[in-house]
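Going by the order they are written in, the chains are A, B, C, D and E; count residues from 1 in each one.
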Amino acid sequence: MSKVIKWFSEGRSSGKYTLPFVILLLAITVLASGANLLLPPDSPLYVSTYSITLLGKYLCYAMLALAVDIIWGYCGILSLGHGAFFALGGYAMGMYLMRQIGDRGVYGHPVLPDFMVFLDWQELPWFWLGMDQFWFAMIMAVVVPGLLAFVFGWLAFRSRVTGVYLSIMTQALTYALLLAFFRNEMGFGGNNGLTDFKEIIGFDLQADSTRVSLFVITALMLALILVVSQRILSSRLGKVTLAVRDAEARTRFIGYRTERYKVWLFVYSAVIAGVAGALYVPQVGIINPGEFSPINSIEVVIWVAVGGRGTLIGAIVGALLVNYAKTRFTAIMPDGWLFALGALFVLVTLFLPKGLVGLYGQLKSKRRQPSGQEVQS
Amino acid sequence: MSALDQSIQGLRETFRRDQVWPFLAPEQAAKVDVSNQMILYVEGLNLSFDGFKALNDLNLYVKDGELRCLIGANGAGKTTLMDVITGKTQCDSGTVYFGQTHNLLTKDEADIAQLGIGRKFQKPTVFEEQTVFDNLELSLKTDKRVIQTLFARLSPSEIDRIDEVLKIIGLKDQRFMKAGALSHGQKQWLEIGMLLVSDPRLLLIDEPVAGMTAQETERTAELLTSLAGERTVIVVEHDMEFVRSIARTVTVLHQGSVLAEGTMDQIQNNKDVIEVYLGEEAAEA
Amino acid sequence: MKVLISLFLFLSVFCNTAAALTPTTQGLLQDLTEAKLSKMPDMVEQLETAGGEELLPVFRAWLEGDLHYTRDQGRLVVEVEVKGEDTYQDPFTAETIATLTSRDVRKIKVNNKLRGLLRGVIARIQLTSKDAGVREGAVRALLTELDDDTFATLESLYPEETNSDVKDMMSTALSMYIAQQSDNSVSVRLDAIERLGDSLENDVRNVLVRLQNDPAPAIASAAEKALVSINQQVERYALVDQLFFGLSLGSVLLLASIGLAITFGVMGVINMAHGEMIMLGAYTTYVVQLLMPNYIDYSIIVAIPAAFLVSGLMGVLIERLVICRLHGRPLETLLATFGISLILQQLVRTIFSPLNRQVSAPSWMSGSWDINPVLSLTLNRLYILAFALLVFIALVLILKKSSLGLNVRAVSQNRSMAKAMGVKTEWVDAMTFGLGSGIAGIAGVALSQLTNVGPNLGQAYIIDSFMVVVFGGVGNLLGTLVAAFTLGIATKFLEPTTGAVLAAILVLVFIILFIQKRPKGLFPQKGRAAE
Amino acid sequence: ADTIKVGVLHSLSGTMAISETTLKDTVLMMVDEQNKKGGLLGKKLEAVVVDPASNWPLFAEKARELLTENDVDVIFGGWTSVSRKSVLPVIEELNGLMFYPVQYEGEESSKNVFYTGAAPNQQAIPAVNYLKDELGVERWVLAGTDYVYPRTTNKILEAYLKDMGVADEDIMINYTPFGHSDWQSIVSDISKFGSEGKKTAVVSTINGDANVPFYKELGNQGISSEDIPVVAFSVGEEELSGLDTEPLVGHLAAWNYFQSVETDENEEFITKWQAFTKNPERVSNDPMEATYIGFNMWVNAVTEAGTTDVDAVEQAMIGQETPNLTGGIAVMNKNHHLSKPVLIGEIQDDGQFETVWETDGVVAGDAWSDFLPGSKDLIADWTAPIKCGNYNTKTKTCSGQNY
Amino acid sequence: MISINNVSQLYGGTQILWDLNLDIVPGSITCIMGRNGVGKTTLMKAIMGLLPIQKGEITMGDEALHKQSAERRAYAGIGYVPQGRDIFPMLTVEENLRIGLPVRKSKEIPEKIFELFPVLKEMLHRRGGDLSGGQQQQLAIGRALVLEPKVLILDEPNEGIQPNIVKQIGDVILKLNEEEGLTVILIEQKLGFARRVGKEFRLMEKGRIVAADKMENLNDELIKQYLAV
């Protein structure tokens, strides 16, 4: 234990913005939660449950973006299929929540979820067994994405699949899962997915207190993952990761088995995505195959790029900002918001090559000296 | 049927009790058996690319502690030979042994590097996005497994070692500069530095003085001479002056096989070598 | 009173124009204008017995849904489209009644049941047509409706028939009938079955299937034997069919991805707006059709260059405004082009509405090439297959024979060195991106013939396109070709056993596993530099 | 509030925008009309439009936004079943009111939702009866997109057909992915299946986007409506407007409304619609009528209840009667589903449907199918004393209510 | 021929060239020398237009080069052989050579190039990236010569070249200079070669030209001051 603490304390030097950021994040979480639970709804400072849930969702997305940034920004693995791990985590949670409904489904079946009853299934498929236990479901929420990432990564990285080939493979992976989960025979509720959840470990999902708790847990989880990730990436392993990103072959020649580094980082990232998915589902109330859609995964990559790739905080900021923009835009200009969002992406790419977080550094160096950039590559 | 047998056999292989799975096996720094004074055996190496023979029945033996110069015309196969030794390229036939026991052809790049074979590339390749210091830290001779790397900490002696090397390669002032911002010659030095900190048994050095000034060339020569003895060094270089200043044994490659081998004097007076490589003038000098 | 007057008027009109019609027929036709849909089948029969050949134009127009009657007089007229306008003609004299507009007439209803009946009637009338093709079609149409009367008619027509195809068809029909009559002697029936043995007609097969259960064992076994040989042939053709499906799916994939093979494969731009370039091409086809409503058959020919220009220019615009600022940042092109694709989608939604637009098929692309009763290749697919290959060849020629091909590769490999060698990199980039986009536009023209022309068109193809390019090996046009056809054929051969959904999944899994074996696609870039 | 807010929850972007934008416009038109008539309860109506972008979780989020941030009094929205399923918990939690205007698979009845589209027994079963009785169909192809609505509908139909003595080998079931665009082999399979001597028909539950390529392929392979008629449940005037219908004449659709039905109400509605959209060619379709009926019923119910309070309006809704656009009167039943007439139409070359058959009176929508073993015994009844969306008539229990 | 006035250049925040002045004598071979990292390559890239300069001007004859794009400069008659060769790796040797043809509006690769570097003819259909380092260097020079430039910039052309070819390259440079009056700018570290080939020398330190003279006058003192480590 003390070893672990020591290890963490050493990492503080790098990532100097992490701690302030975590403090800010937790402060906002506490304030928002308090404003929701303690203030009367007509108070001007009241934060509605809608906002809390929305924030909770954004934080899950931020966690997913973080996962993508870890492998893309730091290790150069562009995954266009991270939504798959997110969705798998989500399904694990969804299955648990589904089982919690028990005999309160519309058909009143003691064991089978509604969609199985009405498709005339006779018994619970084997992969649903144990999902009524919270701990088991949570283990599955990290093990399944992790295992898939391990198998996929083991195959791909060992065969030295890289670059766009890898990206397109991840896309194929999530696309195949999308199609598979659409199939009703798969036993995951087909296109409708899993929904109509009632409670989580005994707490009513519709209660404000439960929602606030979920939000707070998400924030804590995000903070924890951020700190751990920051520490990992500032260790020597982080340096190896960057080395792999920039010159993988060279890294091998100094004795690192780069494929193992990549596999484990990929698994770590997938597990984070799985956790994000598991936290996402009870807050939005539904999980369905749409989450596997390749376009969703591409969007995550875009959040990261908007925020600033290669900085963990950038990924979080990007996810929060783009999603906030989406929420605002869709409400303000339902017919034209895609113009605004599209333009945002184009403009960020053109004028903020290092993303929003990079803007800070850009302004700083601007002030110092006008730069002469190299024309070539 | 035989497919079934095979798979059963394969399964048995997989679960043999006297062996551990490769990913569980401890990666100890293996001992190099040099009881015969030889550290590198290259025999009958052949390699062709789309019909072009880059290596042609090549044989090469290098003694432990030797400083061997490898010269030869552009395209003779020197870099390719290093590629094969370091596991970058698979050869068509032949054997490469490191010491008596390590068959390098069955190993991959990381394995070979961990055995203690270090390499400097013809075109300097460093980790451009990281500082000079980090480049060196990554190259340290350490346990390179994932978990160990995660919890690795720089020991004072390692820091000293890095400082020492920084001094040798003249990049003390650039230690926290990104390697990508170094000039060509500085990158050459950094790469040499990365080799030095990794403390290898066998150094394969491809054209170290390309783009260096005369004085730097001299310094490099000194450095390499001092390394030999304890370590084995194979240097590829076209700068004859430099070769002459360090060489004890010189091997000349031509069209993928050894054309001549001997002392610098012997080589310089070898007709064939003069014809295909040195040219009249250089031989005179 | 009014009724009487109109009846009088009606009759007088009829007397003028169609004196040949008997009063019964005229009466029936008059009733037709007031009949309920449910009564109409009876009337068809009555009309057939009463009228016959002279009613053919009426039957035909009815079948096509073109038969109308005037609201005021109840006079029968046929709707004909002349230069995009509906005009009305007298069914018997074909003279145009200029005063009538669509407001003055009502349609005589027709439904599926009636269509079936009308087809039979027309076929029977057409048995004596002068056109051999028509006669053959008529006999074929009667195969399912053989009864004593038709048999007798066919039997009497058979000896006089001169055209061998028609004669064969008649013989098939007669044999079918004979074989089924259990009161015929077994040997006569066996002969008939023998004659049926090499026919691929569906109806023949159905008859034979039924005859397998015939009480006469000789008949049953003969039928079985005949069926076996027929089925063997059918299966062979089914394979050809499947191959064709695979090739044509492949050609669609090829068209969709070939533009991307340039913008992504050669230039290295991760072009998420590629699908929208296809979409623009499809919308261009639509607009061209709107602009030349009377020349639908030719509009598609015009649409090809038009779509190339529209998408190509859009590509040049995108390149000049956005991509050119992202050199050396390939991953960022993903972000920017994704933004552009959102904008373009919303743009067509705003301009053309979110609804699908209607693009009609030119008549020369409709229908199919019937090789035999079990093998027919749809013409539009054939054209698209040929078109895809043509586009491919043209592209290869452009890239191989013009300096553009060499320059673009040089630029993508080392931009600044290419500049130093005097290559006008900006121009090359713009042209290449324009070319890739233009080709995507052309693909849109082809796809408009197969699928929805709507704002989501591009999204439907973007993933497949990337998959094809990567599977084939980035930067290798031939790879794209092979990959497209491989995936097309694989899908189509899987589909019958697994269903479409599982086939799609299996193909994806196959690609994933294949890439493990060949991490750089089917045709990898070789050499030191590719590592 | 000085206005009554009407939430509009239809996708304006993404894959479903094709279908749903029309419904958004319909609601806007109805709101306009109502305001011209002086509003409701003396207040103006105000439409609040959001875009859930064909993203299902976003439907839930936007529903919450409408109910808690915008305080809307009613929501008109949804198209796909999954969007409705996603919204459902939110609507129930916040006790909102929603009108869902699309034909769907049934097996649901929520206190907070009124289903103005058709249930399977108002579309699928009558269509099959028509094919069997009028066209003498003996073999059946059940082709659908692979999701819940087609799966359920086909399950019901399969059970129904087997009850009627149709043999297993005379039923072919085929599912395709969303947006499937390569129909060559399936259409060719159907054509083979249909050429084996028995009259064959296709019952299509193929989803919107996949229909155009499907029908184009039918046309190209020359499968005419006399050979193998296709009856579709998701193809309306709007879908046909993206198609050249010449080769499709005679194929069928079953709906509760066709634009071509000639009644005064319909004519007026279409005129207004075309004026509203400033497009004289604009077509109308069944979900629009469902929206129209739902809206009018809501207006009446609010008027009757004198408030927009959800519980009051909900009770006032039951028993509401509103004229259909196709004639006759639609009635809101205790199970929150409508009684409506069922029409079967044939596609014409102008992209319209010609009604070839209709039920004598209206058919009451069934929340729970009589042909599924799990739901045979369930009924929905939102009046006292049952007040339950899934009341088991055997065990006399009500399960799974969230309130 | 080429004159450079007060040119400054920065990478990001760090200035590399400082108000640099340099005159290239027409028809001469000017050898630019200096330690690693003093900015020689940077200067050449600036002349070629591959790096933007912050201020100053570069002229050739009366053309203001600094206002033109790199490709215009190629048309104006500058040939560039970069340090590190920068061969187009996936193009064949032939294609590498063909790239420059449009500049001279010709269709065929001048035979002269194969006379100078016979190995290129042998390797004509192999990918440029597959060649050995030395072969690539020859290709790079050949490629620049296709442009038939008036000024040829050679950035350490002998790096990694076998001795007899180094000699040969020297001969080629001299020959082109003498027979065709080609102006050559040569960056070279090896004194021997520089002395043999160069006619003028310029010494660089920290982004400035610190000494300029005829090659004969390059003495040990200068060497010690500016080239020794």
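What we mean here is this: a contact is a pair of C-beta atoms (placed from the backbone, for glycine too) under 8 Å apart; a residue touches a chain by one contact, two chains touch by 3 or more.
The shown structure was predicted, so the numbers you read here are calculated from the model rather than taken from an experiment.
Peer 1: How many hops, at fewest, get you from chain D to chain E via touching chains?
Peer 2: Counted as steps through touching chains, the separation is 2.
Peer 1: If I average the CA coordinates per chain, which chain comes out farthest from chain A?
Peer 2: Result for max centroid distance from chain A is chain E.
Peer 1: Give the label of the chain whose average Cα location is farthest from that of chain B.
Peer 2: Of all the other chains, the one whose centre lies farthest from chain B is D.
Peer 1: Taking the mean of each chain's Cα atoms, which chain ends up nearest the overall Cα mean?
Peer 2: Chain A is the most central one.
Peer 1: Could you state the distance in Å from the CA-based centre of chain B to that of chain C?
Peer 2: Spacing between the chain centres: roughly 64 Å.
Peer 1: Please tell me the distance, in whole Å, between the geometric centres of chain A and chain D computed from their C-alpha atoms.
Peer 2: Centres of chain A and chain D (C-alpha means) sit 36 Å apart.
Peer 1: When the centre of a chain is set as the mean of its C-alpha atoms, what distance in Å lies between chain A and chain C?
Peer 2: 45
Peer 1: With chain centres defined as C-alpha means, what is the inter-centre distance between chain C and chain D in Å?
Peer 2: 30
Peer 1: Could you check chain C for residues that touch two or more other chains and list them?
Peer 2: Residues 345-346, 416, 419, 459, 501, 504, 526 of chain C touch two or more partner chains.
Peer 1: At least two partner chains per residue is the criterion; list those residues in chain B.
Peer 2: None at all.
Peer 1: Counting only residues that touch at least 2 other chains, which ones in chain D make the list?
Peer 2: 12-13, 146, 175, 177
Peer 1: Which residues of chain C touch chain A in their complex?
Peer 2: 264, 270, 272, 322, 325-329, 331-332, 334-336, 338-343, 345-347, 350, 415-416, 419, 459, 463, 466-467, 470, 474, 501-502, 504-505, 508-509, 511-513, 515-517, 519-521, 531
Peer 1: Which bits of chain D are touching chain A when the two form their complex?
Peer 2: Residues 12-13, 49-53, 55-58, 60-62, 64-65, 68-69, 80-82, 85-86, 88-90, 93, 107-108, 146-148, 151-152, 155, 175, 177-178, 372-375, 378, 389-390, 392, 395, 397, 399-400, 402 of chain D touch chain A in their complex.
Peer 1: Mind pulling up the chain C residues that touch chain E in the complex?
Peer 2: Residues of chain C touching chain E: 403, 406-407, 409-410, 413-414, 416-425, 475, 525-530.
Peer 1: Quick one: in the complex, what on chain A touches chain C?
Peer 2: 78, 152, 155-156, 159-162, 164-165, 168-169, 171-173, 175-176, 179-180, 182-183, 249, 294-295, 298, 301-302, 305-306, 335-336, 338-339, 341-346, 348-350, 353, 375-377
Peer 1: Would you mind writing out the residues of chain E in touch with chain B in their complex?
Peer 2: So the residues of chain E touching chain B come out as 11, 14, 35-37, 41, 83-84, 119, 126, 130-135, 137-138, 156, 159-168, 189-191, 227-229.
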